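We call the chains A, B, C, D, E, F and G, going by the order they appear; numbering starts again at 1 in every chain.
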Amino acid sequence: MTVYILCFILFLVGLYGAITRRNLVKIVISLSVMEFSVFLFLALIGYVEGGSAPIIDPAKPDALYVDPLPQAMVLTAIVIGLATTAMLMSVIIRIYRKYKTLDIREIKNLRG
Amino acid sequence: MTLIVKKTTQLLAGIVFLYGIYVILHGHLTPGGGFAGGVIIAGSFILLILAFGSEFMNLTREETGTTLTENLAILAVLLIALAGMIVGARIFFDNWLPAGKVGELVSAGVIPLYNIFVGIEVAASILTIFLALVIFKEEITK
Amino acid sequence: MAALIVISIGVLFNLFGCIGLLRLPDVYNRLQAATKCVTLGCCSILLGVLIHFGITDAGIKALIAIPLLFFSATVAAHALVRGTYHFGVKMSDKSVKDDYKEAVK
Amino acid sequence: MNPLIPLFIAVPLAGAFLTIILGRFLRDAGRYTGLLVLLCLAAVSIFAAATINGEVLAYKVGGWEPVNGIPIGIYMVMDNFTALVLCIINIVGFLALIYSVTYISQYTSENYFYSLFCLMVAGMNGVVLSGDLFNIFVFLEIASIASYALVAFGVEREQLEATFKYQVLGGLASLLILFGIGLIYWKAKTLNIADIKIAMGSNPDKIHYTVIQLLLLSGFGLKAAVIPFHAWLPDAHSSAPSPISAMLSGVLIKAAGIYVLIRIFFNMFIISSEIAVLITTLGALSMVIGVFLAIGQWDIKRLLAYHSISQMGYVILSVGIGMILLARGTKPEVATLAISGGIFHLINHAAFKSLLFLNAGAIEYRTGTRNLKEMGGLSGLMPATSSTSFIASMSISGIPPFNGFFSKLIIIIAAILGKFYLLALIAVIVSIITLASFLKFQRYAFYNKAVVGREQEIREVPFPMVFSMVILGLLCVLLSLLAIPQIRDMFLTPAIKVLTDPQLYTSTILGM
Amino acid sequence: MEAAVSLILVFMILGAVFAIHARDLLSAVISCGIVGYGLVICFLLLKAPDLAIVQIVVETISLVLMVAVVLDSTRQEPFTLPDKQGYVNIATAVLTAGVILYFLNLATGSMDAFGEGSLRMAEHYINGAAAKTGSANLVTGVVFDFRGYDTLGEATVLVTAVLGVITILRIRGKK
Amino acid sequence: MKYVAFFILGLAFWLLITFRITVPNVIAGSAASLICTLIFARYYFSSVGKLVDPRRWFWFLVYLFVFIWSCIKANFDVAYRVLHPKMPIKPGIVKIKTVLKSEFAKMLLANSITMTPGTLTVDIIGDDLYIHWIYIRSQDPEVYTKMITGAFERYIKKFVE
Amino acid sequence: MNTWLEILLYIQIALSGLCLFRIIKGPTIPDRMVAIDIFGILVVGICAIISVQTGKTFILDIGIAWIILSFIGTLTLAKYLSGKKLNQ
């Protein structure tokens, strides 16, 4: 069970960062960390002790494979994470152009 | 970047591109597939841009057609999915080509086709995002 | 068995490289020790893979990976060290000679 | 009906991609493809709502039949509730797009707007139609990312800030949802909504179940802007271009937030009274806090945005009352009444809130300001805007004979019948405060002394904008017909039946 | 396998804490990158090669994008002691995290232990799938055949993001 | 001409990495390397003729052998310096002059120098290579130039130029 | 054989932990970049060891992909150091 607990701790580290940090890029990094922990959690769920990677060799099939469905889910979710990151990055560039700062406290509507 | 980087990048870019195609085409046999291969293909262009600057491949503007390529490819994916409603069992996302023998290069019905088009789409998308973040912002300042 | 020995040697080289990464005094020396040792170590591991699998698809892949790793690691190290110099990181006090200073000016 | 279901996804997606492709050769391509796509969708969704007739249709994507009763592919599910929400999405979307034809021409790169609009509609259709939890997540992301981009379409300061806030909170919501999905998969080993209900069993591990419910509640609550999670809504809704505000406020928070909440809490989880009480409390809080935040606002669109929170509170409150009653097992007919009131209000809110945002957009289009203090006397200058806005204001404040009155009436009656007197009282008070707030809006915008010297510049907005506002105004009046029992039995009651009957949805989909 | 994954997870947590607290933005970006790379090793150990390769490419691309942004803006994050609001935030965050961890710990106590998951729906994916879809890579089979609809959504998300990025980085909004 | 050479090399790479010769595989490989050729071939090779000269291949093999040997030797040297408790290092940047003319040869030389542990190419300006050396054994330019480039330069000259 | 390989695997993972240490401590930015570069190379070794351990050949594909992509990442970082825009 330690693995799961550590995974949750990683999630909470990200959450802590997202709440307390005051820098736009730092917030994005915190979100990525949370993303990582969720991906890892899904991959952990699918793991089967002694199973092999879900790629069948028709010549010598293995007895036990790990669950491919969580992997498919994570695959989709990773791409979505990249899309979100790219969007956030472009917004940050624009905001920096307008305000010359990345500090959230100096940007009017984002304060608080 | 120095001469060393430029020369090596030239050598490597072709290999990277070929490797991306390998990953895409073998998506149903080995790990990878459309997404990973697409990003690797985009990586070969990114490598060249990093080493030589964006004027090198005339990839200076959005008008290079990356968005057009991307949209054509994703439209092709959608059309393959819709083709299942016309040929075969008349179902959305039907695998309407014969499955073939497991482990061969030509097998798995339409999956390689999806892989190829998703790969093109992803390559164009990543390249567009990179160009947008790296080059278009120059235009904002002007 | 031979494969195992070669792989172990590779891991040993990696170990040296990482110790170098920790112990050496400045960035340039760290780059020196670490990149070289680790790259050679990994090449050695890949060679072990080649020996283990023989001339099969896996062995050939390992064989292809070796020159790729060599070229990319080398050029990465070169680009990093040049960037570091231009970034303005000072060399450690132990250094005895700096010919590049005039060239940059 | 069955083979038409994929069209709800395929048509807008194809439209979005074609817009960009054709846009390279024709300048105005987006306008025509967009209108065509949305017209087609609106027609199909009306057809679907008219013909579905209380059935639950499951479309197996890829043709994968269940094995041993366990679904292995993705299911698209269409029932009466879905059809109603689809109608809202596509009709409001169509009208908003007609409105944008002139409104958006003040911006550059119109084609991107139409493409993103189609993608947003596709995403919402996908969320509503899906019967698979992870699929809901994917399409939720399409709709959200398209809306992030659309909020920032004008690329000005406040829009960028609003979109950043919206994106961070939206990303947080997605992660919470994904985490919840993971916890569900851990236990249930399936993703189909109907199958999860079976797999989790009738007597699941209590804490685990509650944690999942809380995670999904906070995730979708963030998307729906229920009160502790509402921080993004006022900024995003007020700074977006007006047709997008109308879509966000009128449709997106319903399709992506409330609809999914209702769907999963009724059809996926076994209703427990603790969660039901929590949901009711959140609804009541949203109602009260939203309206109190709204009353001090002088920016029209901000005012409307806060009212969105408040009105969504009504929906959540009534659904929560229904859930409490269902969980207790007493008075099922009152529970049905409460839920039907909630869904009726959902539909009504889509009509009048989009109309109000379109009005605000029209005012901004002509006067160039959103501040109530700087305008006045517009009723003579912009008669169509003024009259439709009057209808919408009365409707949102619950004045008969407009639609808002009937839905609020049903909700209050249900609350009284269910012996929630305090909640009924709160609902009445909030309604009165809403009326006060909108009287202020009407007075300052339309009937006050005119701003001197600008009468010549200000005239009625162009025809497409007037057209969609008038149609929405007519809808506001016509929707009150849904309160007549016969018509209600035709549309609303079958929709409620899917939710309140725990067996219907599950057994139809799994084919048992 | 659990010990190795736990070890890497500890490293990842350390890296994440550093990434969040680093004074310098580029350091934060780099250590976020290393957390992502650590995730790749976890995927490799957990027998998920597909995820590993996709995570590598995505991590590298996000690293490049983040570096592009940091290069364009500023690297320094001026250090200030948190004000009153800051302390309130930190307290809230720690408290929330603690409560969530406690409940998650309770909630997951009765679940399947690591590596002992049963296969319910997935059994079919493993046993019958290769013959039906013809794909040796089961994940690709699931991604493109059983759940191909999801993948269309995924590709669409990427297109949407590209359109969004181009939209946001336009030179002028209004004519 | 260089297009053809590039195509053949690409196909060879493809066949190596897939390592099976079946009809679909060869067709796929040809298509892939054709696309690759059309995009990248213009940046490669100035003269293809050198590729088919067996003498050059021989010298290349000799060079490879020398390179690997010096690599391993120097690696132990670095390991010794790292592990030694006192860390006997005397780092510095030295300038050496190369006689090689073509860019490809310079690149190879710089890479060989970088890959030999103990030395690291910092920059290349014209004919001058700037080298970071972990232990400067000599202060005399002629001596250290010979020490660093000696063997490599000779063989590279033989098989490239 | 398998036990020994597993020990080697743990050593490699521990070595990547040393890289993390350098990233956290590293006084200058280039230190951290060097560490992430080394980390990338180390993982290629991890891929190779896992492929021998499990007998699955496709893990090497991931190794090659890693070589390529870590090269791109390091070049980007190096370009940052030299103070130019990424497209110059």
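Rule of thumb we're sticking to: a contact is a pair of C-beta atoms (placed from the backbone, for glycine too) under 8 Å apart; a residue touches a chain by one contact, two chains touch by 3 or more.
Computed from a predicted structure; not experimentally measured.
Following the contact convention of this document, B, G is the list of chains adjacent to both chain A and chain C.
Chain pair with the highest count of contacting C-beta pairs: A-E.
Using the mean of the Cα atoms as each chain's centre, the chain most removed from chain C is D.
Compared with chain F, the chain whose C-alpha mean position is the greatest distance off is D.
Each chain gets one centre point, the mean of its Cα atoms, and the points for chain A and chain F are 39 Å apart. In this assembly, the C-alpha centroid of chain E lies 38 Å from the C-alpha centroid of chain F. Averaged Cα coordinates give chain D a centre that lies 47 Å from the centre of chain G.
With centres set at the average Cα position, the gap from chain C to chain D is 57 Å. Counting partner chains per residue, chain E shows two or more touched chains at residues 49-50, 52-54, 56-58, 60-61, 64-65, 68-70, 72, 104, 108, 117, 119, 121-122, 125, 130, 136-137, 139, 141, 143, 145, 147-154, 156-166, 168-169.
Touching two or more other chains at once are residues 1-2, 4-5, 8-9, 11-12, 15, 19, 23, 29-32, 35-36, 40, 43, 46, 67, 71, 74, 78, 81, 92-93, 95, 101-103, 129, 132-134, 137, 140 of chain B. The set of chain C residues touching two or more other chains comprises 19, 31, 39, 56-57, 61, 64, 68, 71-75, 77-79, 82. Chain pairs recorded as touching, per the definition above, are A-B, A-D, A-E, A-G, B-C, B-D, B-E, B-F, B-G, C-F, C-G, D-E, E-G. Every residue of chain B that touches chain E in the complex is listed here, in rising order: 23, 27-33, 35-36, 39-40, 42-43, 46, 62, 67, 70-71, 74, 77-78, 81, 92-93, 95, 98-103, 107-111, 114-115, 118, 121-122, 125-126, 128-130, 132-134, 136-137, 139-140.
By the touch criterion stated above, chain B contacts chain C in their complex at residues 1-2, 4-5, 8-9, 11-12, 15. Of all the residues in chain G, the ones that touch chain E in their complex are 9-10, 13-14, 16-17, 19-20, 23-24, 26, 29, 32-33, 35-36, 39-40, 43, 46-47, 50, 56, 58-59, 61-62, 65-66, 69-70, 72-73, 76-77, 80, 85-86.
If you check the complex, the residues on chain E that touch chain G are 4, 7-8, 11, 14-15, 18, 24, 26-27, 30-31, 33-34, 37-38, 40-41, 44-45, 49, 52-53, 56-57, 60, 63-64, 67-68, 70-71.
Interface of chain B with chain G (complex): residues 1, 5, 9, 12, 16, 19, 23, 30-32, 36, 40, 43, 46-47, 49-51, 53-54, 134-135, 138.
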